[in-house]
Amino acid sequence: MMHNSAILLVSCPDRKGVVASIADFIFKHNGNILCNDEHGDEASNLFLTRVEFDVADFDFDFAEFSQRFSPLAREFQMDWRVARSADRPRVAIFVSKYDHCLQDLLYRQQSGELHCDIPLIISNHPDNQRIADFYRVPYFVIPVSKENKREAEQKQIALVREHQCTLVVLARYMQVLSHELIESIGSENLINIHHSFLPAFVGSKPYHQAFQRGVKIIGATSHYITRVLDDGPIIEQDVVRIYHRDTVDDLLQKGRDLEKMVLSRAVRWHVENRILLYGNKTVVFQ
Amino acid sequence: MMHNSAILLVSCPDRKGVVASIADFIFKHNGNILCNDEHGDEASNLFLTRVEFDVADFDFDFAEFSQRFSPLAREFQMDWRVARSADRPRVAIFVSKYDHCLQDLLYRQQSGELHCDIPLIISNHPDNQRIADFYRVPYFVIPVSKENKREAEQKQIALVREHQCTLVVLARYMQVLSHELIESIGSENLINIHHSFLPAFVGSKPYHQAFQRGVKIIGATSHYITRVLDDGPIIEQDVVRIYHRDTVDDLLQKGRDLEKMVLSRAVRWHVENRILLYGNKTVVFQ
Amino acid sequence: MMHNSAILLVSCPDRKGVVASIADFIFKHNGNILCNDEHGDEASNLFLTRVEFDVADFDFDFAEFSQRFSPLAREFQMDWRVARSADRPRVAIFVSKYDHCLQDLLYRQQSGELHCDIPLIISNHPDNQRIADFYRVPYFVIPVSKENKREAEQKQIALVREHQCTLVVLARYMQVLSHELIESIGSENLINIHHSFLPAFVGSKPYHQAFQRGVKIIGATSHYITRVLDDGPIIEQDVVRIYHRDTVDDLLQKGRDLEKMVLSRAVRWHVENRILLYGNKTVVFQ
Amino acid sequence: MMHNSAILLVSCPDRKGVVASIADFIFKHNGNILCNDEHGDEASNLFLTRVEFDVADFDFDFAEFSQRFSPLAREFQMDWRVARSADRPRVAIFVSKYDHCLQDLLYRQQSGELHCDIPLIISNHPDNQRIADFYRVPYFVIPVSKENKREAEQKQIALVREHQCTLVVLARYMQVLSHELIESIGSENLINIHHSFLPAFVGSKPYHQAFQRGVKIIGATSHYITRVLDDGPIIEQDVVRIYHRDTVDDLLQKGRDLEKMVLSRAVRWHVENRILLYGNKTVVFQ
C-alpha cells in the first residue's frame, strides 16, 4: 500500500463496461492497477469497486484527477472518491473512562499499524490524560451533563473541525450523540464500538444482558453511527466463547479484548479506504 | 466413559461439606471417582455437580442406589438423578423437509459418536423416508395442519411414549409446538436447533433477517424448548463469518454446517448426562 | 454463479494494462463482468486473476473463445484456462475404510453444494459399497497390496480416464500414490486431506502425534498431491481446540468434523474454478 | 477468586479415595470448597487436581497447612503445593526490542487482569525504557553478546533472585537461554512465547517460514522452556486465518495480536495456579 499509489472507490448502477472503462482510464494514463476489488449487489443493482493503482508514471498531475475522471464518472452515474495511499486521514478519538480501546488505538497508530494521524482526544473525564501524554496526543476534557450537552457537543464539533479530522472514533465513549452532532460530523465519519454481537443486546450493559440470557458466546460490533441507537451499518464483528464459570466480570474482561480487536480493525479499514456503504450495509474490501 | 461407571447429577443449595459427603459416599461403598465437575452459581446460591464414578467394585447392587443415596440427598436438599454410563437413552427425532440435521444425527449415532438409540423418526412430510430406511430407523409420517394439529400432536406423543423415548430432538422440524405437547414431553426433554445466534433474529427466516441487517457473522443455537418461542435455556451456539459476496443462499449453506455441529453437540451432551439446568440457563460439564 | 456465465483464470507476468485488456476484451464482445478477483505476487512478479463474466449476449459463439482470446493471451504470456459456469467437472473419489469424508462429499454433491458430477468411487476395500449404493454412484473395489500396487494403479487410472474425470479426491484413501500415478493424473488434479495442521505432524497417525506432543489445537489440511508426502500446495486448513480430557479417540472424532469441512471446501473451490497454483502455493478466489 | 481462599494443586498416583480424602480434610477443618477440578491421565495412571477452598472459617492457622496436610499427602504419595488466592506472585519480564507483549502484559497487570506483581523488566536493549517508566517498573539493561553471555546471565539470575521473582516471562526476548540459566530459574518457572503454531516452524523467522510454505492459518504458542528449543510443555496456542494478499508484514502484524493474547493467557493461568505439569504436557484448569 505504501507505493506511490492511489485508491479509487466507486458505487454506481451495475452496467456493462464499467470495469473496462475504469481499467482503461487508468491504463491509458499510464497507471498500473495493483489491486482491484468489486462487488455487485443484485438486490439494488449496484456495482461497488475499490481500485488501487500505481500513479508513479501517471501522465497527468494527480491534482487533476477529479477533473479528468469526471466525464467517465458522469457517464456511469458514479458516486466516487479518490485518495492517495500516502495520505494520512486525521482521526479524533472520543473516550470516557474505560481506557482499553484508547490505549490500543494509540499503540497501533504509533507502531504504524494504523495509517492515520491522531491529533486529539476528547473526553468527558480527565482520567485518561496520562495515556494521552505518553503518546503525546493533546487531550481535551469536555464534561457532559444533561444541562450542558448541547454546548459540550458544540465544543466537540469545533475541536474536530479545528483539527481537520475526517473521522471520529468513539472508543467506549459513554454518551449518546445527538442527531445534531451526527449530522454535523456525518454518519459515515463516526465509528462506534458496541460491546455486544448486534443486533443482540442493544443498549446499555450488554454483557449483563448476555450473562442473564445464558448465551454461550459473546461478541462486539463496530459500526457507523446513525440516528437509531446501535442500528448503523456494521463494519466488523467478532465473538469469543464463554463458559458457565465466567462471571459478569469475566465477560467484561473477555469483551475488552474483543472490543479492541474489532474497533481497531474497523478504524484500519476506514483509514485505508476499504469500506463502502450501501443501504444500511458495508462492503469491506480487504 | 465406557467403564462400568455411573453418573450422578446434583443441584442443591451451596453448603459446606457437600463435595466431601458425595465423595465419601462413593468411597465408602468402594466406588472410584473418575471425573468430577462442579459449578457454584453465586446469584442463586446453587451448587451443581456431575460425578462420574466406577461402580465395578461397589458394595451394593446398583439398583439400590436411590434407596442408599436418599438420606444424603435429603440432608442436602438435593435435586438429583443418576444413570449408568452404559445406558443408552432413547431419542425420537422430529424433522420436516430439510434433511441435513437428520442425516448428520443418524450418521453420528450409527458411527458411535452419539451414545443413544434412535427408535423412530416422526415427520410431517414423507420426503426423508429414504434416509430413514438407509439407517434402518422406522419413519412415521404425521401430516400437520391448522385443523388437525391437536390430533397430530396426540399421535406424536403416543409414538414417543410407545417407543419409550426420553428425549425428542427437533432436527429442523418446522412446526411450533403447542404448550400441551411441551408439557407432556417436558421442556427439559425437548431440544431444538434455531438457525440464528440467539437472542438475535428470533422467529422465522433468521438468515434472511441476518442478510438484511448486514451482520458479519451468523450463528446457530441449540436450546431446550419452553413456552416462549426461541427463548429456552441455551445449550450450545456457534458462529461462522460471512462476507459481502455471500447471498442468502450462501448463508443457508454455511448455516447448515453450523446447525449440524451445534445440534449434534447438544444431543451428545444431553445423552451423556452432561447438562444441568438452573433458571433459564444450562451448565454443560465437558 | 448459475448465470449463463464463464470463468477465466489467468496467470501471467505482471504488466501494465493486463486488467484493462481482459476487461476490454470481454466488454467489446458484449460480455458483462460479474466478479473479478486478482492477486499480484511480488516475489515472482506474477499476476493472477479470476474473472467471471456473463456470456448471454456474447457476440461470438463461446466455442470460439480460445481462438479469439489467443492473441491477447500470447501478448501477455498468459497461462490461462476458461470454463462455463454451467460445466460440471467429473470427480472420482478414492476412499479406504473411513467413510466420513466420502459420506460428506456425496451428501453435499447430491444436495447441490458441490457443483460437479461424481461418476465413480474407487476403494481398496468393499466396506463403503452400501453408501455408494444409497447415492447411486458406481463403486469399484480394487484391492491394493505391495505386490499388485502397480497393476492396481493402472486399473485406477484406466477407470478415471474411462469415466472422464478431471479431478481425483482422496477422501481418506490410505495408500501412498506412486509417482507414476501422480504424473498420470496430474498433481493439480489430485486433492488429498491430511489429518493434521501441516507442516506439523507429517506422515502417519498425526492425531497420535498431536496427543503425544500435548498441543492445544488440532487441525486438518487439504492440499494438492506432489511427489513429496504431505508437502503439496495447501488449499485449505482449519483447526479445533482440544482439552486435557480429550483422549486420542476424542481427537479422532473432532478431527473427522474438521476433515469433512476442510476437504469439502477444497473440492468446492476446485470445481468452481477458484484455485490458482503458483510455486508451491495456492490462491483461492472466494 | 478474591475470597479469603486458598488453592491446592496435587498430582499423585490415581487411587480410590483421593477425592474423598482431600474433600474431607477441608471439610473437617471447616473450609468450603469453592471450585474443584481434576484430571486423570490414564497413560501414566496419574491423578491431578486443583481445589480452591474458602479458609475464612478454617479451624487452624493457614501457616500450619503444610504440617497438617503432610500425613495425607504422604499417604497418597502426593506431589503438591498450596497458595493463598490473595498471594501475588512476583514476575520478571525479559524483553528485547519488540514491545507489543511487554506493553500488553504491563497494561493487563496494571488494570487488574493479571494477579501478580512485576517488580522488574530485564532487557538486552535500552529501547523499552519509556514504557517501563510509564508503568513505573524498574528497567535493567543487560547487553548480551557471544562474549559476555555467561556473565550477562549471571546478572539476570541475580536480579531475578534479588527481586524474589518466582516466574520469568520471555516477552519476545530474542536470546536463547543457556542450560545453566534454565536450571537455575527452573524450567517450570520460565514461560516463553513462540510465534508459530508449534510444532510447526520451530526456530527463527517462523512467519517467514509460514509464508514460504503457503499455510492458510498462522499461530502462536506459549510454553515452558526446556533444554530443547521450542519443545517445552505447551500452555496455550491460538491461530488466525491468513489470505493470499497477506505479505510477511501482514503476518507479523496479525501475529503480534496472537502473541499478546496467547502469552497473557499463559501468564494469567500460571499466576492463578491453574497449570499442572505432567510429562511434557500441561493441564490448565480454567
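Going by the order they are written in, the chains are A, B, C and D; count residues from 1 in each one.
Note that in this section a contact is a pair of C-beta atoms (placed from the backbone, for glycine too) under 8 Å apart; a residue touches a chain by one contact, two chains touch by 3 or more.
Everything quoted here is computed from the prediction, not taken from an experiment.
Simply put, of C-D and B-C, more C-beta pairs touch at C-D.
At the interface between chain B and chain D, over half of the residue numbers involved are used by both copies, so each side presents largely the same positions.
Distance from the centre of chain D peaks at C, each centre being the average of the chain's Cα atoms. Centroid to centroid, with C-alpha atoms defining each point, chain C and chain D lie 42 Å apart.
Chain B and chain C have CA centres that are 37 Å apart.
Taken residue by residue, chain D touches two or more other chains at 35, 245, whereas all remaining positions touch fewer. Interface of chain D with chain B (complex): residues 16-17, 19-20, 23-24, 26-28, 30-38, 40.
Against chain D, in their complex, chain A makes its touches with residues 35, 99-100, 103, 107, 111, 113, 130, 134, 243, 245, 253, 257, 261, 286. Of all residues in chain B, only 39, 42, 197-201, 213-217, 219, 233-239, 244-245, 247, 279-284 touch chain A in the complex they form.
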